[in-house]
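If you scroll down you'll find the structure; I have some questions about it.
Naming follows writing order (A, B, C and D), and every chain is counted from residue 1.
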Amino acid sequence: MTAMQIVFILTAVVTLFAALRVVTTPNMIHAALWLIVALFGVAVFYLLLSASFLAMAQIIVYIGAIAILMMFVIMLTRREMRDRGPQTGPQWKWAAILSALLFGGLVWMVKSVSLPASPVAEVPESSIADLGRALVSPNGFVIPFEVASVLLLAALIGAVYVAWTRRNS
Amino acid sequence: MNSWLYIGIFVALSLFFPALLAVLGWFLGPRRPNPVKTDTYECGLETVGETWVQFKIQYYLFALVFLIFDVELVFLYPWAVAYNSLPLYAVVEGVIFIILLAAALVYAWRKGALTWS
Amino acid sequence: MGILSQPIGVIAEWLRNLFLGWGLSEGLTTVLLYLIGAGVLATLVQVWVIFLIWFERKIIGRFQDRLGPNRVGPYGLLQPFADLIKIITKEVIIPRDADKAVYLLGPIIMDAGVLAIWAVIPLMPMVGMDVNVAALYTIAVGAFATLGILMAGWASNNKFALLSAFRTVAQMISYEVPTVLALLIPVMLAGTMSLQGIVEAQHVWYIVFAPLAFVIYFIASVAEVGRTPFDLLEAESEIVAGFHIEYSGMVFAIFYVGDFLHAFTIGALGAVLFLGGWRGPGAETFPLLGLLYLWIKAFLVYFLVVWARGSLPRVRIDQMMDFSWKFLTPLALILLVVAAVLDHFVMGFGMWGRALSHFAANVVIAVLTLRYLDHYDKVRESKRRMVAQPGQYPVARPPVPVETSTEAAS
Amino acid sequence: MIPLDWYLIVAAALFAIGLFGVLSRKNAVAILMGVELMLNAVNINLLAFWRYRAPTEPVGMAFAVIVFAVAAAEVAVGLALFIAVYRRFNSVVADDINLMKW
């Protein structure tokens, strides 16, 4: 067992435990904080996969912005500091069975195909510059790149329109 | 990979140092809690009402505009790294991207979402 | 390869051989070396903060025509240590209704989010961990400082702490946008996100290329730290405190230390990004000189922060939000577009030609911005309701208003 | 070196947990958190396949970046809807919002 594998297993345990807490804890703020731990674990996975740019983007976008936004909304949409009562619906047993089935099916599928044990090549030094070039090259992702920008613009307009009314103050 | 090992160790240490300070303070300081001392501090008065205030939607709007900007800026960083080797049309594509970003800003501005009231 | 040309290398080599001589494995030796390096740097930086506290009190004292601390030790140098001993013996009060784990984690995460930035700062040539996303790393780590504040405010179970945390976070994320935009310009000019690479690319300091970007970076960072003139959330002279109202003793001191450390860290980052980092005469042959240069430059920027604190009045929250979203962000966007288009055409002009054309463009933008602001001011002035002004009107009663104010409605 | 299927199994577990969250939670924000977990699981898969199959080409990274943008847009609009709903119903519990149910 190499050091990388130990780091991987530790990260996996922490991430999955945090994810479980996200879906089970009754306190919504705690759920958001556990979500941050889980997302941080995913960022560590990205680092292990040599995708350092995406690891940083994960932290900036998910932890720095999305998680903060979620905490804001949780604090905006509640009437008491402490949440009381169960936070899961009556259908939680069916949900658990379905999720377990899905997980079992996925594991069976992963195990039934032969997958490489090690990467075919190293990630080149210039991978970030390559990504930058690919995002604006006509043979690459220029259309998704600009469409993503338009999508975000649309999301902003939609969200501001929906959430913002003059009367709320 | 080695650099990330170092950074990982550094991050762990930077969590450890303030934690150590907190533990030091906990053990070296006195501990004599009483109901008045551990009460919520509100300028010396009794706490009025639940600890819940209807916060303004304003905060959400700032965080929202920030989220959109953050994601788009993350898109721009690879473009900036590759900048030196980009042909003119690729630079222009980046500029179009920035202009779309500016359009988002202008919309939020015109809508009044950025005005603190 | 003497101790002067490769100080860290020599020491690291010596330690490595020592550890290997003890029979430790190669991997464990590397981990131990990193642990020692990180530990030494983190400790030095934190001890440095103690000196900074003394320095800032002294300087602010002089600004305000006082002496500052002068009782404990020569020039009051030991004052922060006396304060430290005092605060360490104070009780850590945890409010009854607080969410204890989150309450204690808040300051720790906030402080760690500042300290961890030092992992990637290039201290001298060849030293400092060089990752290819270091510029983004500094922003990513900064996100944790924001998170720590939100946690602290929420866990205190105090509506004023929570309200203040909301405002602080709104302020921090608002000013993060211009910071990130300003950071994009050095990255674009250097063609790399590695801070070591950015320093090496600065044959001409980037403050010549992009003086306005430096100004934006500086203002936005000061606002992110929440220093005067942007400290309305903990306005010491007006309200009790901000999000840390329920904190006391050493746990409060962590916030305090984090605040000072953050101010110096933005100085170091500003020096690395815009002032050439460790660059200076002889730095390549004697790396320790590079460390000295970096420290002096970082200290200069830090002094600017203290200077601003000593001389500027506090702004209102609406002014502060407007300043970020309606002035700094559009300006940074314009700067970015101009720099991107201009640099493509002047790339072949040689180092100084490129630098000077960027500088000229910056001057033009600065002049246009100032003229626009002047014009905007006049327009606002003419729209404002006329009020009595001493000396202009003999009676205190204002004349009939010509135009009603439009500002009150918005 | 870590085998590829480790990543895939962790991603599958994360996806299953996210799905459980989406199906079982009552609070709408918590449901959105489950969706975030699922999106992250997908991203781990994308990057793992990129790393092991085609690390020399930036395709996988570009895909992951686009997923980021979609996730951000989804969160922004979703949370805005919750705020609008909260203003109307004074609740973000999914079962309470049943105006369109019958």
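Criterion: a contact is a pair of C-beta atoms (placed from the backbone, for glycine too) under 8 Å apart; a residue touches a chain by one contact, two chains touch by 3 or more.
As the structure is a prediction and not an experimental result, all values here were calculated from the model.
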Winner on C-beta contact pairs when B-C is weighed against A-C: B-C
Interchain centroid distance [CA atoms averaged], chain C/chain D, Å: 34
Intercentroid distance (Cα basis), chain C paired with chain B, Å: 14
Inter-centroid spacing, chain C versus chain A (mean Cα positions, whole Å): 29
Computed distance of Cα centres, chain D from chain B, in Å: 21
Residue numbers of chain B (touch at least two other chains): 4, 51-52, 55, 57, 59-60, 63-68, 70-71, 74-75, 77-78, 80-83, 85-86, 94, 101, 108, 112, 117
Sequence positions of chain C contacting 2 or more other chains: 97, 131, 136-137, 157, 162, 166, 169, 173, 176, 191, 193
Residues within chain D bordering two or more other chains: 65, 68-69, 72, 75-76, 79-80, 83
Topology of the chain contact graph, where touching chains are joined (line, ring, star, complete, other): other
Residue ranges of chain A in contact with chain C within the complex: 3, 29-30, 33, 36, 52-53, 55-57, 59-60, 63-65, 67-68, 71-72, 75, 81, 125, 128-129
Complex contacts: residues of chain C adjacent to chain B: 30-31, 34-35, 37-39, 41-43, 46, 87-97, 104, 107-109, 111-112, 115-116, 118-120, 129-131, 135-137, 141, 156-160, 162-163, 166-167, 169-170, 173-174, 176-177, 180-181, 184, 187-188, 191-193, 240, 245-246, 249-251, 253-254, 257-258, 317-318, 321-322, 325-326, 329-330, 333, 336-337, 340-341, 343-344, 347, 410
Residues of chain C that touch chain A when the two form their complex: 27, 97, 99, 102, 131-133, 136-137, 139-140, 142-144, 146-147, 150-151, 154, 157, 162, 166, 169, 173, 176, 191, 193
Chain D contact footprint on chain B (complex, rising order): 57, 60, 64, 67-68, 70-71, 74-75, 78
For the chain A and chain B complex, residues of the former touching the latter: 47, 50, 52-53, 57, 60-61, 64-66, 68-69, 72-73, 75-76, 78-81, 128-133, 135-137, 142, 145-146, 148-150, 152-153, 155-157, 159-161, 163-164, 168-169
